[in-house]
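Below is one structure, written out as structure tokens; comments come after it.
Letters A, B, C, D, E and F mark the chains in the order given here, with residues in each chain numbered from 1 onward.
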Amino acid sequence: MEVKPKFLIKNGKRLDGRKVGEWREIKITTGVIPNADGSCQVDFGKTKVIAAVYGPRELHPKHMVLSDRALVRARYDMLSFSVEDRKRPGPGRREIEISKVIAEALRSVVMVEKFPRSVIDVFVTVIQADASTRIAGLNAASVALADAGIPMKGLVTGVAFGKIYDETGKGVMVADVFKPEDQWGEADIAYAKSIANDEVVLLQMDGDVTKKEFLEGKAMADKAIEYTYQEQVKALKAKYEGD
Amino acid sequence: MEVKPKFLIKNGKRLDGRKVGEWREIKITTGVIPNADGSCQVDFGKTKVIAAVYGPRELHPKHMVLSDRALVRARYDMLSFSVEDRKRPGPGRREIEISKVIAEALRSVVMVEKFPRSVIDVFVTVIQADASTRIAGLNAASVALADAGIPMKGLVTGVAFGKIYDETGKGVMVADVFKPEDQWGEADIAYAKSIANDEVVLLQMDGDVTKKEFLEGKAMADKAIEYTYQEQVKALKAKYEGD
Amino acid sequence: MEVKPKFLIKNGKRLDGRKVGEWREIKITTGVIPNADGSCQVDFGKTKVIAAVYGPRELHPKHMVLSDRALVRARYDMLSFSVEDRKRPGPGRREIEISKVIAEALRSVVMVEKFPRSVIDVFVTVIQADASTRIAGLNAASVALADAGIPMKGLVTGVAFGKIYDETGKGVMVADVFKPEDQWGEADIAYAKSIANDEVVLLQMDGDVTKKEFLEGKAMADKAIEYTYQEQVKALKAKYEGD
Amino acid sequence: MIDKVTLKLMNDSFKKGVRLDGRKLDEFRDITVETGVISKAEGSAMVSLGNSKVLVGVKVNAGEPYSDSPDSGVLMTGAELTAYSHDSFETGPPSPAAIEIARVVDRAIREAKIIDVSKLVIKSGEKVWLVFVDIYTINADGNIFDAATLGAMAALATAKLPIFKDGEIIRENLKDSLPVDGKVVSSTFVKVGESVLVDPTMQEESALDARLTIGIKDGNIVSLQKGGNHGFNDQEVEDMIDRSIVHSKKLLKALK
Amino acid sequence: MIDKVTLKLMNDSFKKGVRLDGRKLDEFRDITVETGVISKAEGSAMVSLGNSKVLVGVKVNAGEPYSDSPDSGVLMTGAELTAYSHDSFETGPPSPAAIEIARVVDRAIREAKIIDVSKLVIKSGEKVWLVFVDIYTINADGNIFDAATLGAMAALATAKLPIFKDGEIIRENLKDSLPVDGKVVSSTFVKVGESVLVDPTMQEESALDARLTIGIKDGNIVSLQKGGNHGFNDQEVEDMIDRSIVHSKKLLKALK
Amino acid sequence: MIDKVTLKLMNDSFKKGVRLDGRKLDEFRDITVETGVISKAEGSAMVSLGNSKVLVGVKVNAGEPYSDSPDSGVLMTGAELTAYSHDSFETGPPSPAAIEIARVVDRAIREAKIIDVSKLVIKSGEKVWLVFVDIYTINADGNIFDAATLGAMAALATAKLPIFKDGEIIRENLKDSLPVDGKVVSSTFVKVGESVLVDPTMQEESALDARLTIGIKDGNIVSLQKGGNHGFNDQEVEDMIDRSIVHSKKLLKALK
């Protein structure tokens, strides 16, 4: 049992040395699963997630087939040893919920009408968890879809933000929360956009914030999203230049 | 852990004041679930059960389809908080058995040959349990089927009966057992008839009775059934008059 | 908790009095399940296993159908009371693995091309377990298939062999291991042949042996297999003569 | 379901008081009960009822009592209509039909107070004996209800009670029997058209309109279970009770 | 999914600021909350939101704490979109939609610190109270999120705490309430075409492009959950937050 | 299953002693083993065997021993043929193929006595270390058996043992290693037509008639598992044993 630290930010410095709006090192690599039609690994600091895309392919069972478009399915899961306490294999309630919001976010950009009656399967797997795994996974999934050559209106890009207490107990908004901030902080907000559509496509919150705090954190996250988006684009370009 | 009482009937008065052949207050209401094709709530004292009917409708999976008649399916379940100790969600072995006998009892009156290849789904849900839940549920299901306009040869009507010990330890037959009588009594007999067909359509017993006792209890229950049947008819009439 | 014995063989005599290459009493009976198309019980000492064959018959679900041959399925399971500690009903991981290797071994002899699009179901049930249950089951399954009149290239016949320590702690190879030898011995090798094809069709090992020991044990088992094969043939003949 | 030609043949025959296998309407098939057939089980019995064969075993484990009955052992009854015992049965979790059989056998034993659960306590509130009765069909040819009840009764009546010593269960060289007292048996009737038959075959069951299983102990009714998509009239119910009391005497003899 | 004719009708109507049931875009349906409806539950509430009816019950059991929080009781929230509450719902394990509802309600209660779990400890590290909040749809006509939150809140606020004495749980004649403090409510918005509506009916939900549920306590945001296959722009998000704060006052009144 | 044209190509090539990827029949693909890749795991390894990539992690928890071995820790091995590692694999509970892999790896480790389970006891009969070895395919291109064994071996050999103190598990700054001694490796052969090949690709596996996996430790056989719908003759079995002993030396080098 870990002990709750006295503060999560002090003199504007977070436990890992970052400033409020600063994000962890981001590393994006395509083609990590050669068998997949598209794949991508995203590292947000120690959080490491891989996404694989198979499809468009035939859909079973038949009663799920959509006659006018492709079904985009997502399955988020964690390796049993990606977390401190071993996770039992197979998706639980948390994983089912996250799979749902990831699939919905991706559907906002995939041109599903191009592939009626088929399925596009997106597998998001957490290799190592240090908070923000769903957002890292969504970023990876979006690049993996592009890597698979699926026509898209644009990428989906996200960065979590949160509220953490400082040495005086006051709440401070920060971008890209990591584990201790997620665990002990006052709010954790998963947030992703479609830059092309200028839309919020994923938004989930645990915590307690005022409207002002929410907007302040969101603005920080938007800057981190801009950077992350460029990294996504770079990774895709690197692949095509490498080809 | 509750303590077994010294007697369940004394001087002809049961723990809740009823006489041997007396039944609890019966309340029957139709239309409690507007979305359903038919629905009904039956209260036997503190036992409260609702039934909903959907159908005739298309049946999946196809291999269950009956080419010459409708399939009548029943699903009996209890809300987790309808009983003293929380019931785990989802039907267990007890619920599966009860669903089977309820479905069989209803099939004796539904004119299934009118709707070949379809299914009539009956959902029986215990909202609050104070014994006799399957019988209350069967009464509700039968009214819900009529409320749904399904052609029937008649209603199915039941009242449980049982054997309880008096202050001298002697067994006494009673109609419409409630929780303490079910829990501590010597026999609990679930019993239902089709009055139109003059047939026993549900009969299940736990306990120990002589043939004579059985027939004596059954005669009591028949009187309670006659009353319950009138209440069922009244509830259906009230609905049509209300229309 | 049983205590590990000091030796499993002493002066060439095993705990049940057998010599190294000696097998337990083998009893093979056909027709033990009249409803089945073919059936057989094999007793290896106190190990008792029955096999039933149904088929060729129609295969559900359709997506498993093989267009050019029959599917041979096997399901190995144990009665809950066939072992010291009650086994939970339903196949676990061990049973699933054994079912797989039994099915594969049987496919090597069944003329599956004679019955395209159908299934041949083989059920192997351990009635009482005293080691070598999968091998006894495979022997029974092979006879049950013949009893069902399924065209085969020959029978499948197996005998387990193992390595047990003597009073000096030295390992000794033996044929047809029984429970204490399985539990406390140094190696247990499930082994079966198709005599007609001169092929090893099942081979599984737990333990630690040299190549020399393996070949020595295998040679012993081959003798026991020859005897068992004759018993299989006798049982089948007895049936046809009895007809 | 049964085809119409066979159904007509059956009904014509029943009207003459004879069944397709030659039995009278109120006649059981031959019964044999063999106990002690599985040495790994604390108790076991193989029952043949005509071509129906049912194997029942009893295992006794140590475990926790239910929190609302700290001074009682626990009886648990399971049944499987095994896929190898009939072409129409499937693998997978127990079907509603199998669950019904297990629960009806369980109730008969429980309500007839065959096992004295108060004698199955190792340490009050902490450790009691759990008695598992597991029923498997080996060959299914109708009336598994009555065969299963006979098998459960015979397996329990001959079962040994393990010894709990120093945290371990000893199952060898046991002398004490399970605390079993009295015997319950059941008779199952089916109505086909206008006729009521006892101890139906699988073929007769496939034609049934209604079914009633009656458990009897010492001439008293200890369990009832009606099945089937149609009903019985009052007179039929009364008659079946009378007949089940008569049959119970022969069934008890089969238990020795 | 909704047919194109109805969808056009809807969108035309929304442009005039009116919904097919006559409501304004930013108007909730009638709300009633009845508590204490199930005497077997420690707390219960039946919520009607227009034609949507949701029944929520609270049961409190004694059990082990999580190993990483030995001095906290445990809150567990489940939801079922029951097959009897709408033609399109199916039996079986909870659907992703039902799991989402349960988790969103759970987070709102948890993050708003409605229950003081530190007061639910019977014996540190060994025995704590487990609070089960179970949500059932009785009739489903849209916006189960907000009805479920209201029901959970009302059931918890009126729930009694059992007594643990001599190893047993006493549930009769209880006086103490669950340690509940404060109230959280949620407002759910959907975007259909260009319009944003609060408290959608089932018909409106079948046409939605995006959905947002906002939990509010004391004017602060305590939970957010976006759904749907399309997005909201920044202005829409800001507007919905403002409106949810306004709606929260009316919703709190419905809780009395 | 493989198409007939490719199968003929394969067989023609095999007769010349060459495989479609240019390897000799008795030649393994390139092997790399990287350990310590997952910092949250007590031990971990990523193994590449040609295009097959397998990730193995070890987690160590405290738990109860089995009642029949109160003084032993527990080893549990799981494997998943993940849906993201090959187009033909599906989500859901482990397939028979995945279960077989897990059990074969487990037996090799267990029978080679790689882990000294007697050193994994925290308190006799009450608390022991449970060692979970979990195997995931990241990219599946044949011979997962041997890659999984290498990965499990490498992950175990580099795993740390947590500390149990005051009822809590400490996983930081660990010094002690798991009590691992010796190394086991396996070689898998498949027979296609008349040819026997080591370390098959997915394409070669789809054409196999028979398969044999041989686990070797210190030149001894510690596990065997045959698969496939056809058999091997005696000479082939003997040859594979000889070859597996030779291969084991190279495989051990890959483990460093």
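Assume a contact is a pair of C-beta atoms (placed from the backbone, for glycine too) under 8 Å apart; a residue touches a chain by one contact, two chains touch by 3 or more.
All figures in this text were calculated on a predicted structure; none of them were measured in a lab.
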Contact-graph distance - origin subunit C, target subunit F: 1
Identity of the chain that, by mean CA position, is farthest from subunit B: F
Chain centre separation (subunit B, subunit E; CA means) in Å: 32
Inter-chain centre distance, subunit B versus subunit D - centres from mean C-alpha coordinates, in Å: 26
Interchain centroid distance [CA atoms averaged], subunit B/subunit C, Å: 52
Residues within subunit F bordering two or more other chains: 94
Subunit B, residues touching no fewer than two other chains: 1
Interfacial residue positions of subunit A with respect to subunit E in the complex: 1, 93-94, 96-97, 99-101, 104, 107-108, 187, 189, 193-194, 197-211, 214-215, 218
Parts of subunit C lying in touch with subunit D, wherever the complex brings them together: 1, 32-36, 39, 46, 50, 52, 54, 57, 75, 79-86, 89-90, 121, 123, 125, 127-129
Interfacial residue positions of subunit F with respect to subunit A in the complex: 38-42, 44, 51, 53, 55, 57-59, 61, 78, 80, 82-87, 91, 93-94, 132, 134, 136, 138-141, 168, 171
Residues on subunit D engaged by subunit B in the complex (per definition of touch): 67-70, 94, 96-97, 99-100, 102-103, 107, 110-113, 212, 217, 219-234, 237-238, 241-242, 245
